[in-house]
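Below is one structure, written out as structure tokens; the observations come after it.
Order of writing sets the chain letters: A, B, C, D and E. Residues in each chain are counted from 1.
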Amino acid sequence: MGFKGLLASTALLGTLALSGAAAADPVKVGLVSTLSGPSAVLGQHMRDGFLLAVKELNGKLGGQPTEVVVVDDELKPDIAVQKVKGLLERDKVDFVAGVVFSNVMGAVAKPVTANETFLISGNAGPSTIAGAGCSPFFFSASYQNDQNHEVLGKYAQDKGFKKVVLIAPNYQAGKDSLAGFKRYYKGEVADEIYTQLGQLDFSAELAKIAAAKPDAVFTFMPGGMGVNLVKQYRQAGLADTTPFLSAFTVDETTLPATGEAALGFYSGAAWAPDLDTPANKAFVAAFEKEYGYIPALYAAQGYDAAKLIDSALKATGGKTADKAAVRAALKKADFSSVRGNFKFNTNQFPIQDFYLVKVGKRPDGKVETMVQEKVFSNYGDAYAEKCEMK
Amino acid sequence: MRRFLLAFVLFAALAAVPAFADTAMLTLVARAMIFALAATSLGFILGQGGLVSFGHAATMGIGAYAVGILMEEGGRDALVSFPVSMAAAGLFALVTGAISLRTRGVYFIMITLAFGQMAFFVTQSLSAYGGDDGLTLAARSTVAGARWLKDPKTFHYVVLGLLALTVLVSTMLARSPFGRVLAAGRDNERRLRALGVDPYAYRLVAYVIAGAFAGLAGALYANLTEFVSPAYLSWHRSAEFIVMVVAGGPGSALGPVLGALGVVLLEDGLAHLTEHWRIIFGPLLVLLVLARGGIATLLGGRRDG
Amino acid sequence: MSATLLTITGLTAGYGGTPALFGVDLSVPMGGALALVGRNGMGKTTTLRALMGLLPPSGGTLTFDGVALRGLKPHRIARLGLGLVPEGRQIFPTLTVEENLVATATPGRSGLPLWMLERVYGLFPRLAERRRNYGNRLSGGEQQMLAIGRALMTNPRLLILDEATEGLAPLIRAEIWAVLSVLKGEGLSLIVVDKHVSALAGVCDQVAVMEKGRVVHSGPAADFAADTELVGRFLGV
Amino acid sequence: MAEALLEIAGLAKAYGALHVTAGVDLAVLPGEIHALIGPNGAGKTTLVGQISGEVMPDAGTIRFDGADITRLPVHRRARLGLARAFQITSIFPRFTALEHAALAVMAARGRTFRLLRPASSDRAAREEAVGLLEEVGLAARAGVAAAALSHGEKRALELAMALAARPRLMLLDEPMAGTGPAESAAMVALLTRLKGRCAILLVEHDMDAVFRLADRISVLVNGRIIACGTPDAVRADAAVRAAYLGDGA
Amino acid sequence: MTLTLFLVQMLNGLQLGILLFLVAAGLTLVFGVMDVINLAHGVQYMLGAYLMVTATALTGSFWLGLPLALAAALVLGLLLERLVIRQLYGRDHLDQVLATFGIILFVSEAVRMVWGSAPLAIPMPQALSGSVRLMDGLNYPVYRLVLIGAGLGVAGLLYVLVTRTRAGMLLRAGATNAPMVSALGVDINALFARIFAFGAMLAAFAGAMAGPILSVEPGMGDNLLILAFVVIVIGGIGSMRGAFVAALLVGLIDTLGRSFLTDILKLVMSASAASAAGPALASMSVYVLMAAILFFRPRGLFPAPA
């Protein structure tokens, strides 16, 4: 037996033993977010929003000392499952919160809810979980994926646009997005363009749009792709002729990069930094003070997710063992959401208001999305009736 | 002999893991072992045949999708789905290998990447099976109707057993006349041809075998995560496999195993230390190269030596 | 010929731990020409590689015009004024004839007449005819001329030729020997590795015979060439 | 020359303006040792490459045992009985001489497509390999790693590997290059012993060995055969003397 | 599908091809001449863009920022060569893959720590912010035309450099026989260091020039690196001419595939099937192209001379 071989083997065992060490007592929340790779900025907003709420509550949720274990899902579903299992088995968390992307949610929802641990979504709201796949342990502090797209579809329909071009990345969320738009828009769809995920340059697509001469363009182009599309749309001169309707494309994660190129572009959301509620004013001010940048949707939802957990634990007196009690308390949604109107539907997704927002300039010169008009009031999603929970 | 003892100690250590590990730890180790299985199959063609496949994740992903799609269509049993996974991945390797093996060196690396990317985009467009969002498995596969794989410890031992089998097969292949021809083609193809042997068929068979075992790794991985996703086929994953194999030392049967275990466990350990773990892990890889040779070369000789 | 240009004493070197040279002693006077002979595999090329720094010596001293060569990188050694015409010619195949000549050319500091393109073309008119041809499209003789011209363009004080006439047609061989005589006449020092003893004796003053990594005989080249018994012992079958 | 084993007609190969072989005609009779000599750069290496199949000719034909093999790949020619010995052996530097020979035997007998049985368990191949090593005088060195063999021993091992195919024609490319006088003599003795077992096309610089071994000699200069005949005839040929033996080397 | 649209799309393809060429040129220099597989070339592209962000912010000018960013990239390239790459000459390709993969991880993470993970922007230079009307409703930014021009300029410069200058001769000579070059008195290590740094600067130039039209974000070099490898492999490793032709080919195939493949498929299959298959096929068109080319020409379009 070589000495080095022995050394390697014991070192391996040592690693295993060390990382297998057990943990302590207080309320534990696992926060799953995307913190590396090109989309990390979304996860950063969500994490910062969540942690801000915990900080404002003096590090306590429901009056209990709280430990937040932040994990990076790397936007890889298998890595996410791995890390979530760590949260459940090793850290023995009472709640899992967060999750930016639907494909990650698709992978982690089952292990979390099957473990009878509450999963509070800070963003992703796939239709399966809103519908037939709903779970008593799943709560959404955000929205159902289709809703923001429906806002734009409704707006385009109301506004009387006769002909639109739709453009989205060629993946499930992109297809769902266009389907959501078309649920309310009944005019002519001149072209549906699917682009490659992660595409950098849209000149070819912009040329097609210009050739089609639509009344408006609707797009779902998250992250850096959206930044590129917005800038190039402006550069191609289309911004002056054709309204740009979008979801998850122009928001406070991308506006620092697009800057004034996005001025006048539309989006649909349940929240904007200038939304006029007392809770929101306080939140945005505190967030900007703490982190030095303007919060996006994801930050607001992360913030609300923490507040939701806080409200439920207050109701149970800080106890987490009685799952039925916690669930009942969560369902009440007894907290003041930065979004104002907020209550849970039967599928435990929110019923809330949705707005058309438009990129504008603040008095201090920074750009942000601003509420333009309310498109839906007390709006629930289309999948709730497929959910068998009552 | 020394290598045999090293293998014994390594597998004994892995066999002892369930005695003290929690489920999360078991999941981590199972993932490491499944990657080790895939890395071993890549290590075989890379070390023995000099064939650097940059599309290995695709064969593994196809194996995973075979399990996922079968389950969606009602085929739950591992006795059916695992062989189908291996066959599907092997078939993919056969078709793409037959074309790729016309090229050499970096051209081979890139053409295998091309086929890997094609498979990736195909899975991404499989709308019926979740497309880019991936496909959640209803449950883990049954074995002859029994729900063995559901238990993390049983699953651990199944993976461990299949990993041991893979290492054994790879070692036997390396020592067989077949393996020698493969290695001869790697070191001196001209001389081999003059002996009357065209290495093409040998390479293709090796490529298919490696693909089939990667498919097996994929089948296991689908069961571990109870989820399949196009991300399993991405070129990033293929690059990770190459890193594991090269870090561990492609020349020996245990090198890729050590490389995979080392990379997965180290990544996990560093990630617990800091969110910016890559800033440590990157230079470690550079140092590993500068310090010459992989872990296994430090520990013992090369397989064909 | 009093001053010594190159002195090698006790040179040892080897490949991968296997020694190939066991204490080689050589010297070339200023303006002198040394013939280095011996059978295949006796260490002639290895000696030249060690001299040029292409193979790090494991022991001994090498002094060129008062500068110790050991530990210097090949390009530093070459810049001191050592011009190599390597075994197998090693023409750059993707460069044209003219580019081969120009690419590594250095202006002369040797005190000897300056080598420029025109002068090389004057020496080897065949090269001028083929100046636009790529290196891998030349015949063996042309390649050999190019290799010599390329080394001359670095304006060396010592020209080292390793098997520069091997495998060439007799006429071309004769042309190369004639060129070497001219070069020597101009005061250029030479080390010539070759098998053609009588031709060597026409150009070189001294001879050193290598056997199994050592110099086993040295003396005036003409005397050696005339001694058939010696030639037979060291070079014959 | 109807009964020639190897028959080459009008073989040519050019790289750009450089005509390496320019219409080579050559015939090797069964069982003879046929030496091919010529100065470096005369085109010997290219010709050997063309015969073995590594270099495809621009024009001309190669017939082996009556069959046209001009376009056959290397391994197919090897299977027909055209074996080639290289200048340097060691497919695996750490494999022993015996293992090298055994691989050659297994390759020749088509027993290499065995996936899971250790190569060392093929008894028949092993015995045959031992016999081959005895034949070339390497029996005592069977267990030595190929990299540790002396230069001459490596050449002998090359011969053993070539013989494993039971060839009808062996292409020997400079077997004496870089060997000492004793090793040279041993190689000459070995080749003398092999005489008659198969035809040998011997490419060699060592004139002494060539004139001692060869039944016939062909002289290649500037891509053409300028003379072909018995050693005495070639020695007496004026053109050969002028072109090749000129300088009294 | 009008002729105008087709021509506009050709122009778009040309522009993508030019961008690819700028990245691939450095890669093929380093690979072809030094025989080093440098996976870190993609992060050098990214670094160029980030350096440009800082340089334009510091100087307040695109034109002052560009040379500053390029100089910084050059220095970082020299540093990287001295610290790591120099140790990799003559090593196994896989060692190079492993080490440069480590560099990718390090640089990407360092960039994220320094500049944050949010996408950033480089303001477009005022003088080039205009546009040309190419077809009804579509303006083509002058900047993109300048980018095409700059790329063609660099290609021309490289051509002259490689074929006409002594540095280019040494580069070609070093690619085939480095020891001989050094035995003729040229410091081959210094030559290699300069080539590497120059390659790094070319990549940085591509990143800096792409900044005003693309977002500057972590990981922006990953996919481009793979495409650049596709380009040099299609072109034939070490061939600058091959890299140029292949870059334009890849740019055109990719752009035309994205633009017209779905419409073409609609001619032969149902609209829904076409819109499902079209984008997927368009995404893989570049890879299909590479596989096809390597099938018929296993060493690329312009294989290096033997």
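As a working rule, contacts are C-beta pairs under 8 Å (C-beta built on N, C-alpha and C of every residue); 3 or more make two chains touch, one makes a residue touch a chain.
A quick note: this is a predicted structure, and the numbers were derived from the prediction, not measured.
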Shared chain contacts [chain A and chain D, defined touch]: B
For chain C, the least number of touch steps when starting out from chain A: 2
Chain at maximum distance from chain E, centres defined as averaged CA atoms: D
Pair joined by more contacting C-beta pairs (A-E or C-E): A-E
Chain located farthest away, centre of chain B as origin (C-alpha): C
Rounded Å distance between chain C and chain E, as computed from the means of their C-alpha atoms: 44
Rounded Å distance between chain C and chain D, as computed from the means of their C-alpha atoms: 33
Separation of mean Cα positions, chain B and chain A [Å, integer]: 34
Junction residues of chain A, two or more chains touched: 35-36, 170
Residues of chain E engaged with two or more neighbouring chains: 112, 279-280, 283
Chain B, residues touching no fewer than two other chains: 124-125, 127, 278
Full enumeration of touching chain pairs: A-B, A-E, B-D, B-E, C-D, C-E
In the complex with chain B, residue positions of chain A that touch it: 1-2, 4-6, 8-9, 12-13, 15-20, 35-36, 70, 72, 76-78, 81-82, 85-90, 102-103, 106-107, 109-111, 126, 170-173, 175, 197
List of chain B residues in touch with chain E within their complex: 46, 52, 99, 102-107, 110-111, 113-115, 117-118, 121-122, 124-125, 127, 235-236, 239, 242-243, 246-247, 250, 276, 278-279, 281-286, 288-290
Parts of chain C lying in touch with chain E, wherever the complex brings them together: 52-54, 73-76, 78-79, 83-84, 86, 90, 92-95, 99-100, 102-104, 106, 134, 136, 150-151, 154
For the chain E and chain B complex, residues of the former touching the latter: 31, 37, 84, 87-88, 91, 93-99, 101-110, 112-113, 222, 226, 229-230, 233, 237, 276-277, 279-280, 283-284, 287-288, 290-291, 294-295, 298-300
Partner chain D, residues of chain B touching it in the complex: 169, 172-173, 175-181, 183-184, 187-188, 190-198, 201-202, 205, 302, 304-305
